[in-house]
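There are two complexes below, and they share chain A, which is joined by chain B in the first and by chain C in the second.
Moving on to the complex of A and B:
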């Protein structure tokens, strides 16, 4: 087994109670499987509310999993808790979306970055101080940041502090939950470059959650597209983004604004309507109510991920790569 | 990207203190409160050197010299039938019976100072009890959730559902009638510990609920998730990440709860179920002044004024603390 991370049929359900009327189950993540090799960056894209953050937090075991399994570095961590999980956590760290919420406002930056070292008893005080200083310089901050508070930094600087904290334990996998979506565009590029450099220098693997396809294209080797709690397409970035097989992937790509109107292709597909309520998902293919190519089969039979000729997988009865466009569009 | 603003790093508390110092009304309140506390602390000295009376002993037949001739401390009432008695009125200058005497001929000014000691002591210690209990229950309920949260919330709701004064009155009646035995500890009916514990308990839900709500939000915040992701133990997270972020809420509550306690203590003592005679509190002095309200209104008005001034000062200080520590919070009592 040479995969760093293996996720099998991962499911996360939320139960909301409505008084005495009964329970409603929201299927935030519904039977997701994928794997990440050491040093590989997997992008995870999808619109808001499709369950990508929940998936990331389930893998990091910030949330308990409803069913399925998460295997990290050969260890099944799905049901591990407390003390048993602690050594595993060192290898699997998270970077969060909101750099204003992910740092405790009452603690100094030095303490924040040293916190993982304290929790895992890495070295004595002097060794920790040296380690924190070198982490700060790795993420492009000077040692004067040590004694300052998070509120004294800009969004990009704060995200660097969050990255330094994630790096402190020398993890093998970093789950980055929309790490740049809260930042200015100019700062986004700097952070993405930093993450790419760190991946190259340290052999890090990433699960890179984003809704910005451009960022994913830049950093990811493979990409998984999520829709309503399930993966609808997964494969190398070049083939998935180059010739999407799933109509939803195609719609996502077509939704990316293009600076030059002459370059937009005529036959863009636009998504109609809102994503369905995960508490009450459509029958068959979850995407069929918004899909221009939906057939009777799509309305009744749930498509499973299957491998196409070029090695990518897609969950569609009628992958786009295998047929012509509908005539009426 | 690497440059950092070259201004000395200012801690949260240092910033808050500076903000509070710039708040003029809060500083005036602090001054007023310090004056009141210092005056109350000087009570023994006042009784010995200024009023020359024992404020805990009746002085039914004494006389003092005033305007060159002897005056009875408890004179005959000034009505046609000469029925009843009329305590000596305020002298208006520093000395014996500056604010007059009560029905037992005791110096009201000296009793006010001693009574203030008790009132302030009870309110402050009860507030400390309230804040510690509320902090513990609120943090534990909000952080651990599930069954623990349900049990604590239920208990707080049950306490909350009692009408505050009815609860205090019934507790007081039982405890003050019989005292309380806790193992080797024997509290008798006149102990201040009884009103302190009663008042300290009844307002716990008042504070615990907003703390629980704050902790619930913090529990979902990304920096707590980050701490979980690091592998920090729950107690470490409570201590390092939760507590520093709710302590400001707790501190903001402190003056407001002291003010509330002061009013509760006065009400209980007025109903003779708080501080027990011969000890005094502002509430008992109002009670003493009740029957003199037409002839010697100052006996009831003076402690009432002190309560009002102290409560207003505490509330203004509470507002100032909130602005300095927790500007987004909307809590108000």
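Moving on to the complex of A and C:
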């Protein structure tokens, strides 16, 4: 067993009070299993409300887990709390979506990046100062940033500060929750390149959560597609994006606007309607009400993840790759 | 392209903010024409002036320290400096607007049906029954399922995509000749975005409206627009019909934008990101605003504004069409 991260049957339910009608259970994450090898980048994609951020926060143990297990670097961290989690957090860091909300506005950038070093008692003052300076240059910021406040920086620069803070303790795994979706296209490309370089140079593993499939393809080695709290397809990026097996993966890829007018009238699947409410999921396959290929079986029997010939896994009774070529449809 | 053909003709539009440090030009000398039933895309990043450009069409910038200059002619009528009653008769009636966040256009305390009827009766002398029927027809036309039930719902009971459809129905209620859409799909999930883009494409056929679509996403433009203007730091740097823009992008900024977009097919390549940031509007360089970030910058770019070239389509850059082909390959080979 040499996986860096192992997630088994992870489930996170929320209970919401619903007036006088009593409690209602929202199944945000429902029995999710996957693993990440050291130095591997796993992309996690899906639409809003599919549970991808909740999953990321459960793994970082920002949320308590309802059931299932999270094993990081050989340690079961599912039920660890407070002080016991602290050494784990040195190896498992997060980068957040909103670089405006995730940095303390009253602290100078140097203090923000040094804080993890203080908390974990890494080195004396001189060593810390040197470390902070080298982190800043690793993320492409100059030493003049040290004494400035977050509001003096642009969105892209603030995201660089958040990345430097996450790198301070030399983590093995970074959970990045939509790290570039708040940024403009040209700045987004800079940060995507930075994250790819850091992975290569430092052997970092990523759980890279994003709704933008193009960005995920740029970073991830493998990709997991989530729908309504469960993984519907997981495998190498080239095969999942190149020939999607699950109809939902196919529909997601088809929905991405392509910057090539010649391709706009290609044959595409259009999903009707909206994702269902996780408080009231459909029977059988959660995707069946929106699926063009749904059969009676899909309406009643919930499909489980199974491995296809090329090694990827999909939770579909009728995977697309096992049947007709896309051109024949 | 003559003015007489165009539904909307914008000439030398500038939007300036009066500040303690002097005037800041956020939109600087923008000119374009929108033809009847055309979808006109404006692409740019935050701060490029794209939203201010269309807000000034409706004179919706309610700040006394903003100065709008130049000319905006809509169906032969000058809108810059038009008196308030004239603007009121145009807003929501002949020119309607949809925003990124549908909740900015909906009040949470009335049903969507009531809000659409209010809009209809504001501009049209219709009986209550006729307005009600028109509202149902509109909800149906924008693809709201089961309008006879849905019109009774409050905005919070609808999904993001349905809310945007309701707002589009409201915008269409008076058959506007021109629809202004500011990032209408940015807040939506990608599968819902695809549905709304399909709807926008249908609208000009069903309603015969022209549409100005603002977006930061070149993919969205490629999918729906007929004509595209690329804005950078308050100016249009390139303008072309969509097929031509993507076949012959001619401004280094457009190259950078295209290179920054991750693609879903072909080999995985490092993104050709544009270094640096757009200039602050009060510190715009004297020459070409893109010069500090441009891979092909020359001495002249830093001092004199770039010439406006006509071929293959309007582009504001010192690089001429003969040099362009060879230059564009350079950054890709690095």
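Brief remarks on what is shown
Keep in mind that, in the parts below, the second predicted complex is superposed on the first by the 318 of 329 C-alpha atoms of A that agree within 3 Å, B and C clash if a C-alpha of one lies under 4 Å from a C-alpha of the other, contacts with A are read in each partner's own complex, and residues count from 1 in each chain.
Criterion: a residue touches a chain if its C-beta (ideal position, glycine included) is under 8 Å from a C-beta of that chain, and two chains touch if they have at least 3 such contacts.
Values in this document were obtained by computation on a predicted structure and should not be read as measured data.
With both structures placed on the common chain, the touch criterion links A:103 to chain B but leaves chain C unconnected.
Contacts of A:156 after superposition: both chain B and chain C are touched.
Of the two partner chains, chain C is the only one that A:217 touches; chain B does not reach it.
By the document's definition of touching, of the two partners only chain B reaches A:148; chain C does not.
When the shared chain is aligned, chain C comes close enough to touch A:271, but chain B does not. Contacts of A:190 after superposition: both chain B and chain C are touched. In the superposed model, A:253 lies in contact with chain C only, and not with chain B. Contacts of A:85 after superposition on the shared chain: chain B is touched, whereas chain C is not. Counting contacts as defined above, chain A residues 156, 190 meet chain B in one complex and chain C in the other. In the complex of the two chains, the chain C residues touching chain A come out as 45-46, 145, 159-162, 189-195, 197-198, 216-223, 242-243, 246, 256-265, 268, 270-275, 277.
Across the complex, chain A is touched by residues 1-6, 9-12, 221-223, 225-233, 236, 240-241, 244-245 of chain B.
Interface of chain A with chain B (complex): residues 57, 60, 62, 82, 85-87, 89-90, 93-94, 96-98, 101-108, 115-116, 119-120, 140-142, 144-145, 147-149, 152-153, 156-157, 160, 162, 165, 169, 190. Here chain A touches chain C in the complex through residues 47-48, 154, 156, 184-190, 192-193, 196, 211-215, 217-218, 241-242, 251-264, 268, 270-275, going by the rule given at the top.
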